[in-house]
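Following this line, the structures themselves.
One chain, chain A, links the two complexes that follow: it is found with chain B in the first and with chain C in the second.
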Partner chain A sequence: MAAASPAGFDPRLAWPLGSFLALLFAVPLAMLLVISLQTGDGYGFGQYAKFLTDWFSLRILGGTLRLGVEVTIACLVLGFPLAWLHARSPGWAKSAITLVVLLPLLTSVVVRTFAWIVILGRQGIINNALVGAGLIDTPLRLLYTEGGVVAALAQVQMPLMVLPLVAALGRADPNLADAASILGAGAWRTWRTVVLPLAMPGIIAGCLLTFTASVTAFITQSLVGGGQMMFMPAYVLQQAIALGDMPFAAAISVIFLVCVLIVVALLSLLGRRSRAHV
Partner chain B sequence: MEQASTDTVTGRSLLLDRITHRYAGQTAVGNVTLDIGGGELVALLGPSGCGKTTLLRIVAGFVQQTAGQVVVGGTPVDHLPPNRRAVGIVFQNYALFPHMTIADNVAYGLAARGVDRTTQKAEAMRMLELVQLAHLATRLPRALSGGQQQRVALARALAVKPSILLLDEPFSALDKNLRLDMQIEVKRIQRLAGVTTILVTHDQEEALSMADRVAVLSAGKLEQFAPPTQVYDTPASLFVNGFVGQANMLPGTLVSPTAATLDIGGTIPVRHCAAGTGSRVTICIRPEHLQLDDATTGIPATVGLGLPLGPTIVHELRFADGSTAKVIEPRTPGAAPRPAGTAVHVTIAPDLANAFALS
Partner chain C sequence: MFDGPLADAPLPAKRIADWEGRSYHWTMAVLATLALLLMLSPTIVVLVISFTSGLSLRFPPPGFSFRWYVALADAWQLQFAAWNSFKIAAWTTILSLLLGVAAALGIARSQRLSARLLDSLFMAPLVLPALAFGLSALMLFSFVGLPVSPLTLTLGHTVVCVPYVVRNTVASLTQLQPELLEGSASLGASRMMTLRRIVLPLIRPGIIAGGFICFMASFDNIPVSLFLRDAATDMLPIRMWQDLEGKLDVTIAALSGVLIVATVTLMLVMERVAGLSRRLA
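On to the complex of A and B.
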């Protein structure tokens, strides 16, 4: 079907990447599935049953998904005004905001996460400032808490939320808000009936990226959460490396993958419905 | 707002009282006064950057003027935000809400005013019938053609019974054939609704054909505010004469308040000019006021180019001193343009030239 391919490119050009993905993505995934079905004496769904009947495991899964939701909401609430500002700013301010949004991406995640440890630690910037100002007597526990992980992840993943929002808000005609206003709509009604619906594709794309990135963010989760908090990626690592239980680790991975895919599918469905009329 | 949803409040007078707007140190609008009667259609005409769009945004409340007052029906409205001014706008790109049906677009202003759903629907359908689009009520805007979208925008603006309707270059996105139809349609609907209307345009034909009065603006200043025929026949300034319609501009000298000598030769009568006798003037003559004459009366010239335009023929003439002028004459069937290089004489219809002192 070479003739049907766009611009007449030879489909064989896709083979290097295709085989690369097949070898390093599809094959390991298949292996993961097979290993997850291993039980002590044969094959079956024993590992899955073990996970789904174990409160400890389910709590880790629930906690991880909750973390994803919290980070996504934090990014949305903080990122939307920034994206709005970007859409309504003159050219030079747009460039400045884009630079500020992209700046974190120029630093490694490990470095950014260590910065948060410096900020949140017992002798960290926040605690020193609060103690110095006489507002508290003993340092607050900020590091190794869920709040700390959410704050760090929200900062690390912010560009993933802001960039799709900027694209969606930038596409919307500024006359639409003026039109709503002249028709008698106040600021809130204009936002609710015009700005928000038109930003929906960007909101959904941003949520999708932020959610998937934050539930799987092993480095930030582990360093800021410390040993006190266990999330799914760390759970997999613990089972596989520390306890050597490869089949159970594989089952955890598959369950986690399916959960994330369900969220992605739901958001995509919402996205398709909202894109239908924009 | 309650007033705006009754049938009685259309066609209120609009007074722009000495409006000045400065933006970043530049004067966008300088001391413009327009007294517009209820139900009147006034065109703001001028090249881009003349301040007409700024004036429109001041009336709408999107821009707060530096000085002056906007008075609607005798009441100043300067303190009111856009959503409380009872003004309707048709934007240049129509700005229909892309995620709402045509009916919801038209009902939007009613919904914002807290009108109940049944009345909203009935009123939206009534407006759509007015613009003859009721059969498309459940479509989305992108399913409509440009002309249909514009009629929806008009219905949406009129649904809230605005006291003032603002049209911001509403025809510029339409192709030429559709434009004339829509101009007639909009004028019909405006008459029917009886709403005081401001039409912003850079298209002089549009302004002349649609407006009861035309306000010509240049660089933020009001050059002339008069009925279309008066703007065309007795332009108040050199700018108006050049911008509205076509004009041959020839240098000359005023020999009396009502006569001038052209540098290319010949003395012609002009409309009264206040500049002193002997002052240098620019004499504006419309191309249709010149006639070609094969006899030897008039000013000698040679034909540079002849263009047959169907109902008319345009000749470009070159005079002895190198200056040029255009002549537009009605074309009789079978008549062809004179070939280039033909020697002709040109005569000027009396009393139809305007002289403006060089500033």
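On to the complex of A and C.
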């Protein structure tokens, strides 16, 4: 076994980072938990009760999770064909597609979102094109709508979906799909019964990354969604910075964190099962 | 195409298969093109609008000029924020490389449970909401009496950026051929020498790619900076975000143009040096 090779590295090398993260990541999260249990006169679940019995808060949580699902679906519908194109392209085109996908990932989130203000604005590309074509008389309201947020966020997070899909489709043996079609399965049937199951680990990894990134993002939401739409991260910020209510902000963070972890756990479970089938 | 009996295959079935194959390829190709356009167009839009001669974000621009790039030269607040972000990102990358490469060497190629657990710990900051971490880090620092400063910023950034270094270094370590290490050891090289002469040169592209992504992630970080910076440390993405919330300033377009050109240049350099596209896909 390679792991037992004489030149295996010393496991103690992992200790500095281990203690660094224990001290600066695990301890703060534990403190967050403790502070979220502070009520006016001692400790208890008061802050959680306040959140869970408040329709306004629950709607924000529901809206955030829905936004995550919508963005993830949009990314999957467009990202899968892009990964498919990548898999059947020659080498140079593969690199080019990967760089096009990487570019938004590495460009500043503020810059990417700024582009969407230009595209969706009253004098933006879409409105000017529609007015120019005589389809509408007055510019549409595209900024500050949920549709606008989903479109912008889908573009911002697309790389997180495409990269795992590219990896999964690249690993899949192309002979399997060929075999299916030679045996008489139509293209769509081959896709459903061969390509999709083989790509499933990549799909799940992509969905996991896209979902967590979209629900925890807030720059795109705040600039494209405007002040009217509130999602969980902005709610935490508002309570912590604007109102200075640290215990409630901590409780919101913990609830949000637990929700994200539940989704992550469910998707990883699905991922493990799908890998078992392949 | 075929001679003999195959050529006489029943026509309807063949036509259905043909139609099906074509509809599949067309759907996929159209959606893929749409996705490529969606990925590229925002960048192009920003580059075009940054050369506008007008005062608004009207698209297409009424004319073209360099006026907003000239205005950028006087935007001292943005320059100050950019310098701060650069310094913090540089320190974060140095610290992340020191901690992350060592940790990757410690856990890679190990099947032990402790290594798997540590791996989960090292990746956890990527999954958990960074904003929740920023808030809790602020609570910790105020609890121990450490005022927010460039130091707390660097520490906080390192927590959320070090996973990129670990992941990329571990990935290149797993591809390392064990025979090389065994060969080096059997020829009498000490572990330190094997590490310096064999391992580090081979995994260097992975380390560089990880460090690059770490730097970009730190430079662009907002959720952690929001909580851990002091009043004197203005960070570029936060400054841009707040400028865009207040008024739609075209100077931001010019700054975005500069950032895009810098990002593309760095990406192409990294593609040459570290094979970025092969590494991440």
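Heads up, the rule we're going with is that the second predicted complex is superposed on the first by the 270 of 278 C-alpha atoms of A that agree within 3 Å, B and C clash if a C-alpha of one lies under 4 Å from a C-alpha of the other, contacts with A are read in each partner's own complex, and residues count from 1 in each chain.
In this text, a contact is a pair of C-beta atoms (placed from the backbone, for glycine too) under 8 Å apart; a residue touches a chain by one contact, two chains touch by 3 or more.
It should be emphasised that the depicted structure is a prediction, and the values quoted were computed from it without experimental measurement.
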Contacts of A:Ala167 with chain B and chain C, given as first, second, both or neither: second
Which superposed partner A:Tyr48 touches (first chain B, second chain C, both, neither): neither
Partner chain(s) touched by A:Asn175 [first = chain B, second = chain C, both, neither]: first
Touched partner set for A:Val194, first chain B, second chain C, both or neither: first
Partner touching more residues of chain A, whether chain B or chain C: C
Partner chain in contact with A:Gly186 - chain B first, chain C second, else both or neither: both
First (chain B), second (chain C), both or neither touched by A:Tyr144: neither
Footprint overlap on chain A, where chain B in one structure and chain C in the other make contact: 181, 186
Residue numbers on chain C that touch chain A, as the complex places them: 16-17, 20-21, 23-25, 27-32, 34-36, 38-43, 45-46, 49, 56-60, 98-100, 102-103, 105-112, 114-115, 118, 121-122, 124-125, 127-133, 135-137, 139-140, 143, 155-156, 158-159, 162, 166, 178, 181-182, 184-186, 191, 194-195, 213, 216, 219-220, 222-223, 226-227, 237, 240-241, 244-245, 248, 252-253, 256, 259-260, 263-264, 266-268, 271, 276-278, 280-281
Of all residues in chain A, those that touch chain C in their complex: 1-3, 5-18, 20-22, 24-29, 31-32, 35, 77-82, 84-86, 94-95, 97-104, 106-119, 121, 123-125, 128, 154-155, 158-159, 162-163, 166-167, 170, 181, 186-188, 191, 212, 215-216, 218-219, 222-223, 232-233, 236-237, 240-241, 246, 249-250, 253-254, 256-257, 260-261, 264
Complex interface listing, chain A residues touching chain B: 173, 175-176, 178-186, 189, 193-194, 197-198, 277-278
Touching residues on chain B, where the partner in the complex is chain A: 1, 60-62, 81-85, 87-89, 91, 93, 95, 97-100, 108-109, 112-113, 140, 156-157, 160
